[in-house]
Amino acid sequence: MSNIGVIGAGYWAQNMLRVIAGSSSSELVAVAELDESKHVAVGHHYPGVRISTDANELFNDDAIDAIYIATPPETHGRLALAALRASKHVLVEKPIATSAVATEALIEEAYVQQRTLMVGHTFLYSPPVLKVMELINNGTVGDVFYVDSQRVNLGKYQASGVMWDLAPHDLSIILHWLGEVPISVAASGRSFRSTGREDVCFITLDFPGGAVAQLQVSWLAPVKLRRTMVSGSQRMVVYDDTSGPEAVKVFNHGVDLAAPETFGEFQLSYRQGDIWIPRLDTSEPLTNEWEHFIQCTKTGRHPRSSAEQGLAVVKVLEAADRSLKTGHREPVEWRTREPHIPQPRFEALTDTTVVN
Amino acid sequence: MSNIGVIGAGYWAQNMLRVIAGSSSSELVAVAELDESKHVAVGHHYPGVRISTDANELFNDDAIDAIYIATPPETHGRLALAALRASKHVLVEKPIATSAVATEALIEEAYVQQRTLMVGHTFLYSPPVLKVMELINNGTVGDVFYVDSQRVNLGKYQASGVMWDLAPHDLSIILHWLGEVPISVAASGRSFRSTGREDVCFITLDFPGGAVAQLQVSWLAPVKLRRTMVSGSQRMVVYDDTSGPEAVKVFNHGVDLAAPETFGEFQLSYRQGDIWIPRLDTSEPLTNEWEHFIQCTKTGRHPRSSAEQGLAVVKVLEAADRSLKTGHREPVEWRTREPHIPQPRFEALTDTTVVN
Amino acid sequence: MSNIGVIGAGYWAQNMLRVIAGSSSSELVAVAELDESKHVAVGHHYPGVRISTDANELFNDDAIDAIYIATPPETHGRLALAALRASKHVLVEKPIATSAVATEALIEEAYVQQRTLMVGHTFLYSPPVLKVMELINNGTVGDVFYVDSQRVNLGKYQASGVMWDLAPHDLSIILHWLGEVPISVAASGRSFRSTGREDVCFITLDFPGGAVAQLQVSWLAPVKLRRTMVSGSQRMVVYDDTSGPEAVKVFNHGVDLAAPETFGEFQLSYRQGDIWIPRLDTSEPLTNEWEHFIQCTKTGRHPRSSAEQGLAVVKVLEAADRSLKTGHREPVEWRTREPHIPQPRFEALTDTTVVN
Amino acid sequence: MSNIGVIGAGYWAQNMLRVIAGSSSSELVAVAELDESKHVAVGHHYPGVRISTDANELFNDDAIDAIYIATPPETHGRLALAALRASKHVLVEKPIATSAVATEALIEEAYVQQRTLMVGHTFLYSPPVLKVMELINNGTVGDVFYVDSQRVNLGKYQASGVMWDLAPHDLSIILHWLGEVPISVAASGRSFRSTGREDVCFITLDFPGGAVAQLQVSWLAPVKLRRTMVSGSQRMVVYDDTSGPEAVKVFNHGVDLAAPETFGEFQLSYRQGDIWIPRLDTSEPLTNEWEHFIQCTKTGRHPRSSAEQGLAVVKVLEAADRSLKTGHREPVEWRTREPHIPQPRFEALTDTTVVN
């Protein structure tokens, strides 16, 4: 049983608080939240848990083994560093930090302290994302030619713009699927709502193995659409995150059909092969993520959503930010100040196992 | 090349006229249509074709080999009989006739004249219906437990009621799939629009092999819904005729899942196995049907949509009519006055061949 | 703050335990569960809650205001009666009891004790069901002609058969929508898996106002399908419980279209009017249900899912059981032994309010 | 009644041949097709029509009023010019020509001859495309922020690459919707199948009014996907060309919802407002296009799919070709050699009228 401290008790934190409190491997011990108006609700839901406004209380409590951080992005780096220096294991929400420099400092500190540092790329623990990973790894998809991704939301304005808000999800997914960090990125964006920062961005990534990825992230939609197409030499996969148990569709190549005779048939005859909708695990991603984190703290195993992957995502976002300014394709340099930060590893999942 | 005469040039006949005119095995020679206002359009689309108001002209023309009849249902029996007596091959639209007695007379005459008599059960030539047939025949579905069918339309009022208008489609499909004629039928209906005849009917069929079928036919809907579920011991198939190339979905049984933890997941975890959407041929049913008819006239082969199947459908409808009056389940008697009318045969399609 | 005791800690009870523990209007005080192996998990998730194997402990505890019962159906009547006699408010899972006689005794006792007695017809607190209710009540649907409902599951065998397992859901929904108790019911069923009780049933209900309802319940499917069509004089509504936020589709009647020219277009031109997919509340049905119950205990308000509705559902199921045996349509008699049991009231929801 | 000559009798031409032969405003008089093996089929389907291998026969026939050209793209310019010089009205398949220079020569000649010159942008006559146009023009969408378009196919290799094969469809649609010619274009592509020309391209367009469009065209998919999203200040529209009668979905903005409590609900709560699926006309685009062309030849009306629009599409493709080479965003210059070629006009459709 690990003793857990949580920093932040806002909307997203509440989800993880529920998961931590319900986990048989964890004991929720203390919560730090600056907004005192949230203390009562936490106290009601989790009787016996210590609540304060001071994160230092958690760092200074020797009984606490691990800390979960779900505060605004600009505080991630500072709080995670303090937690690691206090020799705690750390799970920090995405983005891991708001700069590559800050992220490298975290990785270095985790290395020195020999503690687990993991970033909350929740989609890497979600059954449809893992199913696509499996389909890529076992050869079903063949060589991945390109990935096209759409993530549109009715977004709430945030000072950092839509790219830093939404793209980390897709970047964490696509880097994991392709098992590579892109070599360059081109980004363009607009601020249609005149908020000063982009509310829609189009991002193109070039990968060393030859694959291309294209992302659209937008706050302008009245609906959540999350749709990703993976085009491979053997099959095409469409992952639609709003289609519940039919989220992953696999399209087989098939034989040539006779030419249709009417425009109506022309519209109808849109596919050549069978479609396969694989069964998906119904486990909850947040629970999968949390149990994986706890297991890593105990075994020393490198987390699936590692800090190095968090760093790769931040580096891509920084290069995309440069591209937004220059209008040119910008390289993603992996060179780090700290000599021992390796390129991230990406797990090769060869079976349907969701957790661990 | 067969010489073809067509009786009727209304809405549905026009579809088949186009198919006949475009067929390389047929020559459209003459059309008989009582409504003279339709003659101009026929003349424009099919220059060189003879047009009259008198069907006898077609019967008396020795150059005509086969006749297609697409007139109102109550005239089917009389016209088909006259055509057979004139020694023509006959394809007549569904229902083959409006009584079993009349149908038997047709079968007898076709036997005497040694001519092909076929009924226009077009769905037996439609790729999704044939795909389900194949899935039943090759064991994919297993034993068929029951079939549940919904066919709702924004219907135009017809004096014979919704059952005789729409149910022949489903009956022809289901009898073909199960390869049997039901032993009894129970029907209930309502006339919500107060037109004197039912505008919605619910029909239950019991089959000798133990299967059950349940049909809903309705004119009350503002939308065309055609959805049939086949529940088998091995798999379930859903055939949705409005889903284009994804019309047939095969649901595999799968493993048991852990109990979901929230109502949300309860809603989501709705399936246990993979789904498979087989590729469908894109051939046009009407073309398939027509070429099959011509081939039968040439080879003497018994048609897939045989007159005996047409008779079985009419017998079921007659029994259902009795059930609407008595409120009881009514037997479907196969005993015919003519001794040599066999129970219909149903083709066992064991490959994906659509025609012939 | 109400003090709550819970009887039963199985799969379904766990959902409600989570809701009760998270409610700010309730205090989870004690749980009774015969299976001691489940006590540890309850203790872990709900520290401070009393756990025993004896429901009497809860009845005898004066500090407990209300009791939630989620035990096997055959124990509902006995436990609910004991709880009411101990002057507790009671929320009991569906079916409220396994006979009308037992249900009437509960209603009588609740009347005598002046306590709230509510049955867990959870779907009456689910946003799509309430949206359809609203569409009926505000005239969007017009006169309801008929309701056709499909509920198929990969079912686990239960001694009472599929009808008592699944049909209570649809009956509670349909009676609520139509605001009436049916006057007669016809049911047929089969035991394809040879388990002794039906694993598929077809049920037809006749309502005093002229509407008809048709239900299919089945354990034979490898997939959860829940699809209900409401055909009205003004519009048709399709409620598909597996379509998430697009669960309710409203089909408008529209103008007549020109006849299609090809079979392909014929298949395509399946609708005449617009479709409207109303926004649905995303509140959780279980939470809505629980808060409604607590409010009723405090205000004396008659619950939406009242015991009289529970009685109506049981009476329909008993008549359907008779019909399964006789093969005939059976009347649903409302006459009760207890003089003061009224026909159930059905709330007319005229706005989108989900709870209260 | 116009007398029509057709050049080309390949796959696509056959569709239009059927439409022309069936039109009551046109008389199909002669067909020119180099491949003599196709002459028999044409003769069979259209008895009485003259067939040759020489297009000049058509140009020299004074009885022919208008010519439809459906030959390989590289011959469009030459044949259309010859037809115009012979004073025929011309409908030529897309692309109108393979260079802007050649297109301008066509426009000039049509001006001199006072003949109708129209390009076969069939989608401008398709009901869903026109419905979206109407939604933009009547203010439903509000200001168009951006358009995102996906068109993937199991493509057959063509020497000109996927962009010239598929992008003309989307360009004709998007230019029409926005009513503008883009000011610059950036394109990137890959040749994954190593055929020498791109088999997937990503294209970004900047419009003078501030809107952005993003296109993906690909031959690499085993399935036809055609999906276009229009994001506007008032509403979002998704046009999915493979969804038949539900091809156009309009998403309303709605109110804010309470934060969901679980990841499951988070996934579910993906939209905030109602969805509206407008009824679509079921008329056939090819028929609409043809009748529009004939009407323009008679009234002198400027066609909806005008040669100037065809020129705009070609200019965008030429700029995109430059961008593929330079890797930079390239301007789309409208300046033409011929002084009197105006910027194309785009019809403002303010009602649901599909044709004329």
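Remarks
To keep things simple, chains are lettered A, B, C and D as they appear, and every chain counts its residues starting from 1.
We take it that a contact is a pair of C-beta atoms (placed from the backbone, for glycine too) under 8 Å apart; a residue touches a chain by one contact, two chains touch by 3 or more.
Note that the structure is predicted; figures quoted are calculated from it, not measured.
Touching chain A and chain B together: C, D. Chain centres computed from CA atoms place C at the largest separation from chain D.
One inter-chain figure worth recording: chain A and chain C are separated by 39 Å, centre to centre, where each centre is the mean of the chain's CA atoms. In this assembly, the C-alpha centroid of chain C lies 53 Å from the C-alpha centroid of chain D. Multi-chain contact residues of chain A (touching two or more other chains): 242, 244-245, 252, 254, 261-262, 264-265, 267-273, 275, 284. Chain B contributes residues 21-22, 24, 41, 44-45, 47-48, 242, 244-245, 262, 264-265, 267-268 to its touches with chain D in the complex.
Those residues of chain A whose C-beta lies close enough to touch chain B in the complex are 244-246, 252, 254, 257-258, 260-261, 265, 268-279, 282-284. Within the complex formed with chain C, the chain B residues making contact are 11, 14-15, 18, 122, 143, 145-146, 148, 150, 152, 154, 188, 190, 192, 200, 202, 204, 210, 212, 214, 216, 218, 220-225, 229, 231, 233, 235-236, 238, 241-242, 244, 251-254, 259, 261-264, 266-273, 275, 284-286, 327, 329.
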